[in-house]
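After this come two complexes, each holding chain A, first together with chain B and then together with chain C.
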Partner chain A sequence: MTGNAFKGLNVRGLSVDYQTASGKVHALRNVDLDVPAGAVVGIVGESGCGKSSLISSIIGQAPDNAQISGRIDFNHQSLLELPPDRMRDLMGQRISVVFQDPMTSLNPIRSIGRQMIDIQYRTGRGRAEKREYAIEMLKKVGVSDPADRMNQYAFQLSGGMRQRVSIAMALMARPDLLIADEPTTALDTTLEVQIIRLLKELQKEIGCSILLVSHHLGMIAELCDYVVVLYAGEVAEAGTVRDIFHHSLHPYTRRLLECDPGLIEKVTRRLPTIAGEIPNLLQISPGCIFAPRCDCAQQACLARRPPLLQLGPGRRVACHRAAELDAA
Partner chain B sequence: MKWLVEIVGLTVRFPLMSRFMARLKGRDFHEIDAVADVSLTIRPGETYALVGESGSGKSTLARAVNGLVEPTPESSIVFNGRDVAAMSPANFKAYRRQMAMVFQDPVGSLSPRMTVGDQLAEPFVAHGLRDRDLKAECGRLLDMVGLPPDFAGRYPHELSGGQARRVGVARALALDPKLVIADEPTAGLDVSIQGEVLNLLNELQERFGLTLLIITHNLHIVRHVADRTAIMYLGRIVEEGPTDRIFSAPRHHYTRALLSAAPEPDPDAVRTRIELKGEVPSLARRPDGCEFHTRCPKAQDVCATERPEETTDGERRYRCFFPVLHEESG
Partner chain C sequence: MAAVVSWRFETSRVGISGTLGRIPAALRLVTRSRLGAFGLMIVVAFILIGIFGAWLAPHDPNAINVRARLAPPSWTNLLGTDQLGRDILSRVLVGTRVSLLVALSSILLAAALGILMGLASGYGPRWLDRILIAIFDTVRSFPTLMFGIAVIALFGPSIWTVIAIIVTTTFPIYARIVRTQTMAIKNTEFILAERSIGASPVRIAFVHVLPNIVGQLFILASMDVPVVIMIESGLSFLGLGIRPPNASWGTILNDGYAFVRNSPWPVIAGGVPLILTTIGFTFLGETLRDLLDPKLRNER
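This part shows the complex of A and B:
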């Protein structure tokens, strides 16, 4: 399989329900998502939008009470039907993940070197060779004194170094797809910039696809080719990064961009907000999921769910009024 | 009164390990200065922002003002005309009522086992004001932050992040403080609701003439909410001034780098970014000379050996031998 060119990740009609004591939580509903080979796709989502459900379903780590339906195809291979051992092979080699908090994703009681050597168990390299490769990867992600770091433990590294180490580990197998889940949330601004640049450079060099999940609009704008806006478990809008940031069609995206203080040029004491709360996902209303918070909502929006309109290749929006709002 | 808070030469020192452990391990006894010789003044009714990355000492500074950590004996914190550091504990408690803190973690700073109503009543109990009608006070506070009265019966786990934040603000305002210290008021909140909290603080400030000290690393919000801003690096204020001046014409290279670092939510933004090398040095190994010289793109030899004194330029002050030049400041 390694010989084949990567054909991308395609998610179709993905729904995830969780059976809980108070009923069924419909965390994701009918989500479509494409990550083409070599592309960086960003998922914009605030808390409760279902991004964790999406990632855990893709990597086969959904909780036991999750009921998943739909398709997740990786390289035209259905991940949801893959037997566990094949899934494990795929995960270590073709898909890897960088999590939000490097302190919890690194093993606290094993040295960095040991962890980096251990995860190469599939490669068949000799021990010295594995060590050398690990040092090379550390150098590549900009870790200073890589040979010395190999003997250190996660707690001895600063936050930025830790995140570099987890990126190095994720890219060691030269995966086809890197999933980055809020990779800079735990970092300071000046480090965030360094990590964004690092991801950009490595992506170019390795040529992998990246699925970047973040609520940080600045980071999405800077890194991504395509953007999917997720709201309360549904795709509100999808398109190229310019479509979304310069020509958004869904009222939620528009409001979200308006709320970002980084985009407000004139200094103001009254910052815009989106009134209301994320809906309860135990009972899904029959109308548009964003309608209760939407200032453009009409009667039809409350009564009927808008279909996800296909406006062009990869350009989709779920809004009854998208066309007239666009014209306005 | 000109100043509500006047801090002169504030230093907060923490031991790296106790004297006993140091002797046991045969190491020298070491202390680090989390806040190093900081002087600043806050006017009544203004919003003052402290900006810095982790480890810059901004939270420690706020805690020292609030009496949660003890500064060195040379430090002076004058609040509302009285020296806080010299006060006896009993006197301090009375003074303490006039300042309140909104903590960083909205849910974590509330007790999970107490209802919202009980937590809002706590400041009154702690300050011996039990005789007030606590129920009415609680209703008043909830109303002030825009929450319905029935929230008094809820537990923190029943609140969203934004609601928990509002409860934190309500609790801070319980005893009509003069100064409210908000530590990262928007951390962990979604973009769509972070404005809510800032608008609320702003509204309450106008209504009650509050003075706000906001601690944050989010420069985008500072630009909108703060009257004056101080940038901290390794426990020291490297630049301070009116917010619009700091943003339009930073003098310190660290300020400039910070401003250019914030990723702009525009895919076509032209980024003239000053990327800093490496990370903030450890406080235990504070660099000699100007603390920023190890990462400064414009550092020269003198920066590594001599510490720059504070330069005052109108309403602004900064510590740099070779400040950023701007045409208008010529």
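This part shows the complex of A and C:
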């Protein structure tokens, strides 16, 4: 399978600025990210931390007013410099995406079957073969009566079913990299668990890498091998899922974990929050981006930006006091 | 059981016909709905009258018979006569061609132009949108009749000038609607998915956006039929469109208004075909929209 030749997605020093009426919004600053072959990497962060900017830069669909710098390498090919026709060969073949909103990710006036057949236009299969493969994929993602569903339309399916169809369509080409952009946000909790299990099973079977964007910590913990914590457009911390959940170093990650209702043992009336607001991305302060909301912030934190320290292979943290806090 | 299977087969066929290029196939399916069959029947009947009206007419539509002015229906003049004693039935039959020609060609042209410009404006770059919107609003702000008089003064009266005037003044309505609908659809994720796999803007606009919005246009276009015929009659009334003694539904109606106290027949004879065509086109348009929209298709 081509998956063997896949050498991963490497993002280096990615910065995205949006030119707006009120000035330049620095949505992403110097982001590094690695998705090794066969691994599931989660990106976690609050709303507005740049998750979507990251995804749209990778798939080449950043808005017109975006200025992108840095490198995005897929299989050692720079995606940002790739000519459109080469990009076309990658997208939907080697890279595919499951979008956030299953309500709008299918064309409402084309039958599910037609869309699933159409999307195989590059395979060179015959029509009957395509249809059969589509039905097989639907069966694989747990859609009941797959043959009948082929004649149905998006509005006849529930949200969970639609997301399953999206996943089936994304995995049809057996991509090397599946990007899942908050695939369960629009679904309820029971469905969420089902979709997570489904993604996990399919990932094992197909052997693809997954880049999973979510603000659901439980889902990240369940599914991922590596986690990248984004805060206000910067990488706060990165590491294996065990590192992040059991041995987090960055104060932001710690606070984030404290705030996850799923991890709170005591029953409380008030859920914990992180005080303060996410910073204004029009003007970036010279210090640590999290310092204004950080309990452990010191003078140095406000004055100087902490570098992203490499603590081990794939283990990185951007905090001046990481070493002290770790010891404490 | 067999019925269920065949119905399913049909729905899948309609699904495949869900694009513009397959409208003829949808047209065959129109007859499945009672409303659609009725609409289609009326429209086809009027188109046949439009083509063969001159041969069907029992009298010369322009032959004046001053003795029998404003006569009620009789065996010689089935719909009576007008203020000059001309046979109204013959005039309606002959006038159908002009009225339908003006209505159909101007609505088709206006809708086609509106769709093109609306898609370009809604899906294209923002600068293009700004320019096109400025054009739409400028053109919309012309008073139709004044604009018509000016254009006719420049190019001389003819059916084609009338059609050109109607197209210019009505296409911005279609364009505006297409633009708004396009903008609503362009931000959905299936369009983003299309873009990311490298589909060209033209393909996305025509294959994915247009079939999603074209249904509403059918209704709008059908309801515009009487409006357009009335614009034509308005211009004809001013001697700018169809010149007397030639007949059109609009001129028959206008002549009828003037003498409605003396005889209701000219107004009735000119009005009923107008109402019937409108009904026919609306039914047909509604059925077509339902066929193109899977949601409505399955409800029936």
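Just so it is clear, the second predicted complex is superposed on the first by the 323 of 328 C-alpha atoms of A that agree within 3 Å, B and C clash if a C-alpha of one lies under 4 Å from a C-alpha of the other, contacts with A are read in each partner's own complex, and residues count from 1 in each chain.
The rule is short, and it goes like this: contacts are C-beta pairs under 8 Å (C-beta built on N, C-alpha and C of every residue); 3 or more make two chains touch, one makes a residue touch a chain.
Small disclaimer: the values here were computed from a predicted structure and weren't measured.
When both complexes are superposed on chain A, chain B and chain C sit side by side without a clash. Chain A is touched at more residues by one of its partners, and among chain B and chain C that partner is B.
With both structures placed on the common chain, the touch criterion links A:Asp101 to chain C but leaves chain B unconnected. Legend: residue contacts after superposition of the two complexes on their common chain; A:Gln194 is shown touching chain B, with no touch to chain C.
When the shared chain is aligned, chain B comes close enough to touch A:Gly159, but chain C does not.
Using the contact criterion defined above for the overlaid structures, shared-chain residue A:Leu171 touches neither chain B nor chain C, since it reaches no partner. Of the two partner chains placed by superposition, only chain B is touched by A:Pro261; chain C is not. Of the two partner chains placed by the overlay, neither chain B nor chain C lies in contact with A:Val235. Once the two complexes are overlaid on the shared chain, A:Ile109 sits against chain C while remaining clear of chain B. Here's the short version: in the overlay, chain B gets within 6 Å of chain C at its closest Cα pair. Within the complex formed with chain A, the chain B residues making contact are 53-54, 160-162, 190-196, 198-199, 202, 217-221, 223-225, 244, 257-258, 261-269, 271, 273, 275-276, 278-280.
The residues of chain A lying in touch with chain B in their complex are 46-47, 144, 158-161, 188-194, 196-197, 215-222, 224, 241-242, 245-246, 255-257, 259-264, 267-274, 277-278.
Within the complex formed with chain C, the chain A residues making contact are 59-61, 64, 84-85, 87-88, 91-92, 97, 99-101, 104-111, 113-114, 151, 153, 155-156.
For chain C in complex with chain A, the touching residues are 8, 11-12, 15-16, 18, 125, 188-190, 192-193, 195-198, 208, 211-212, 292-295, 298.
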